[in-house]
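I'd like to ask some things about the structure below.
Just so it is clear, A, B, C and D label the chains in written order, and each chain counts residues from 1 on its own.
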Amino acid sequence: MSSETNAKELLCELCRHFYQQGWVSGTGGGISIREGERIYMAPSGVQKERIRPEHLYELDREGQVVVAPEGDFKLSACAPLFLHAFDLRGAGVVIHSHSVHAMLATLVEGDEFRVTHLEMMKGIRDHGYHDELVVPILENTAHECDLADALADAMVRYPKTQAVLVRRHGVYVWGRDWVEAKTHAECYDYLFEAAVKMRQLGFDPARAPTR
Amino acid sequence: MSSETNAKELLCELCRHFYQQGWVSGTGGGISIREGERIYMAPSGVQKERIRPEHLYELDREGQVVVAPEGDFKLSACAPLFLHAFDLRGAGVVIHSHSVHAMLATLVEGDEFRVTHLEMMKGIRDHGYHDELVVPILENTAHECDLADALADAMVRYPKTQAVLVRRHGVYVWGRDWVEAKTHAECYDYLFEAAVKMRQLGFDPARAPTR
Amino acid sequence: MSSETNAKELLCELCRHFYQQGWVSGTGGGISIREGERIYMAPSGVQKERIRPEHLYELDREGQVVVAPEGDFKLSACAPLFLHAFDLRGAGVVIHSHSVHAMLATLVEGDEFRVTHLEMMKGIRDHGYHDELVVPILENTAHECDLADALADAMVRYPKTQAVLVRRHGVYVWGRDWVEAKTHAECYDYLFEAAVKMRQLGFDPARAPTR
Amino acid sequence: MSSETNAKELLCELCRHFYQQGWVSGTGGGISIREGERIYMAPSGVQKERIRPEHLYELDREGQVVVAPEGDFKLSACAPLFLHAFDLRGAGVVIHSHSVHAMLATLVEGDEFRVTHLEMMKGIRDHGYHDELVVPILENTAHECDLADALADAMVRYPKTQAVLVRRHGVYVWGRDWVEAKTHAECYDYLFEAAVKMRQLGFDPARAPTR
């Protein structure tokens, strides 16, 4: 199998997996994989758990479509957002999730999601247990492409974050390769869930324990 | 495979899938698929995750049974309700779910379920992020067939909705084809879950954020 | 395949399924199937999702072991409880679940679990939407076998119920055959979950809606 | 198949299973199996659901690496903690879970997690329904290896416990063999979930019911 075949099949496998987690239901969310100068992406508005390699778009590093799938497909509106993570953060894989945990986390917080002293923070690159983990929260827009500038800005202003939340919408998470991106996505999702449940139990997730 | 075989196998596959989501447990809920002038439907009171193509009813557009399955089966009481979605809304597929999220959403709301400013609304046909999404809520009846008139009435009075909730019962969702119906069902279910959780966190899902 | 083989394989399949629902984790819970005068039962304290037909006990209608599995197995302490459902209620299958929903439902209620006006009640034999569904709640005992008399008593005093809850423990559910028992178990579990969540949202599940 | 092959494949199978339960997401958590004088362990920071037998470390009883996997792997920081369970408690298998239930349970309790009068306690060795089940809670440290002394101390001071919780982190659970360790892990996880939900419903899980 060529590396292109591998990347395309991996993308489809990850879509099925994230669908089972509830991150990409109702055709929402998505994934993009970069292999050197080639970028693979699912089309817009399709059922993520049923995507096959021949449905994928191939783009170059400037975001120009190199290969379009046959049939009635449209490039995802997330494309410019995925490209920012590749360009500004050196990402190899970007995951966009509509997880209910991520969405609820954006409701109970202001401009930033903050947690500290949670073991799962250690799964996020360059974060330790006693650090503060901060994820910027953007205001949502009517059209996904209109998020691109604010996302790029947040990626630059928060060099330590590996994710950007979007209010009442979801989260963009990335990593050097698919393993790191998936690890980041799982750890952030755990932290979003934990933070909302901590608030319901009367704990402030942003505050270091006094004990 | 003929298109009839396809439709019947698809119906069984979707039943298994929706069972895993918790939408059709305890023999509740159901699905109906229309292929041109032919309508396929699961029988009443069977375990949805174990239905096989030979268990399905075939009806014509007037709702007359054309082919009945062999054995001790009964036509679903939902049949007249499914037919209204085909006739009044041009649906190709109708999904009836007993999801706990849908049921709880009918408890915390009055005559209408309303949400706004949630990204997943965009998965429902003709709805944008800044719109208000409204789903009428019918009062439940002792016998499912007695819901038919109220359902037809709601379908006419709410031309923009792609779903009708039934108090303390569940939801009917439809779409042009199975892909749109499944997408609608997943997005609505996400919105029902989100709205109930928002209320528990002290947010009114019907209110635009002031931020 | 003989009917004995069928019953044993069905029992193992249902164990795997109920394990995935969270009803029989940690070797808790169980199932028993009666085929005419023969009763099949899983041994005590084994991992329910890994049981194989050759691990099962066969009993006669008096509860005497006819065939014991080879190896280091022990008859389940639930055996006398299962027998009461066969004898007193004509059950063909009994399911014992440790579902968290069932356990929590016994905490928030007194001597009886009561709900009304919930569609899923219609999945329980002889119950309609406007009825009141009542499930007696027994006090738990140190040893499971000590529940037998109280269970038999409840089965006689509540002829309409198809289940008996045990405080801080779980539920026994039965049906004429495996399809009815599984349907009952799924509907009751939905009602237990719904009732606890209704209380958390401020609704009394035992009260008819005023609307 | 040799017993070594069996142990390694079992370890991989259990990792996949615990990943599905949400106990080892984001490369967190882990398992170690002892076969006589040989100890098998997953490497650090890998996706637990994708581990294969050839990725595993083999250690002797002193914790010296006997066989290291080929490739870019690192021994897990949990190694000294797993060894304490083998040495001090005669464990055959140790499971380390980041379950959200376990983590939340450490937030709502002080230095000890206590429950009583819950049937699932009976799945933990030497615990009955009327007993008090106590699990010590350690304060978390920046580096997992720094937990080793406190863990060893807790294992000695609480001879009846089969688990030690770590604040804002997760839980270590063990058993004589993989069946007992898995049973313990499932029962404890149920009890952690139940205790947090009981508190949310206004019940003190450490208090015997007055009824």
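Worth a mention:
Note that in this section a residue touches a chain if its C-beta (ideal position, glycine included) is under 8 Å from a C-beta of that chain, and two chains touch if they have at least 3 such contacts.
Model, not experiment: these values are computed from the prediction.
Listed here as common contacts of subunit B and subunit C: no chain.
As for how the two copies subunit A and subunit D face one another, under half of their interface residue numbers coincide.
With rounding to the nearest 5, the Cα superposition of subunit C on subunit D corresponds to a rotation angle of 90 degrees. Set against the Cα centre of subunit D, the chain with the most distant centre is B. Between the Cα centres of subunit A and subunit D there is a gap of 30 Å. Averaged Cα coordinates give subunit B a centre that lies 43 Å from the centre of subunit D.
Shown for subunit D are the residues that touch two or more other chains, namely 200.
Pairwise chain contacts in this structure: A-B, A-D, B-C, C-D.
Note for the complex: subunit C touches subunit D at residues 25-28, 45, 47, 98, 100, 103-104, 107-108, 139-142, 166-170, 196, 199-200.
Within the complex, the subunit D residues that touch subunit C are 117-120, 123, 128-130, 179, 182-184, 186-187, 189-190, 193-194, 197-198, 200-201, 203, 209, 211.
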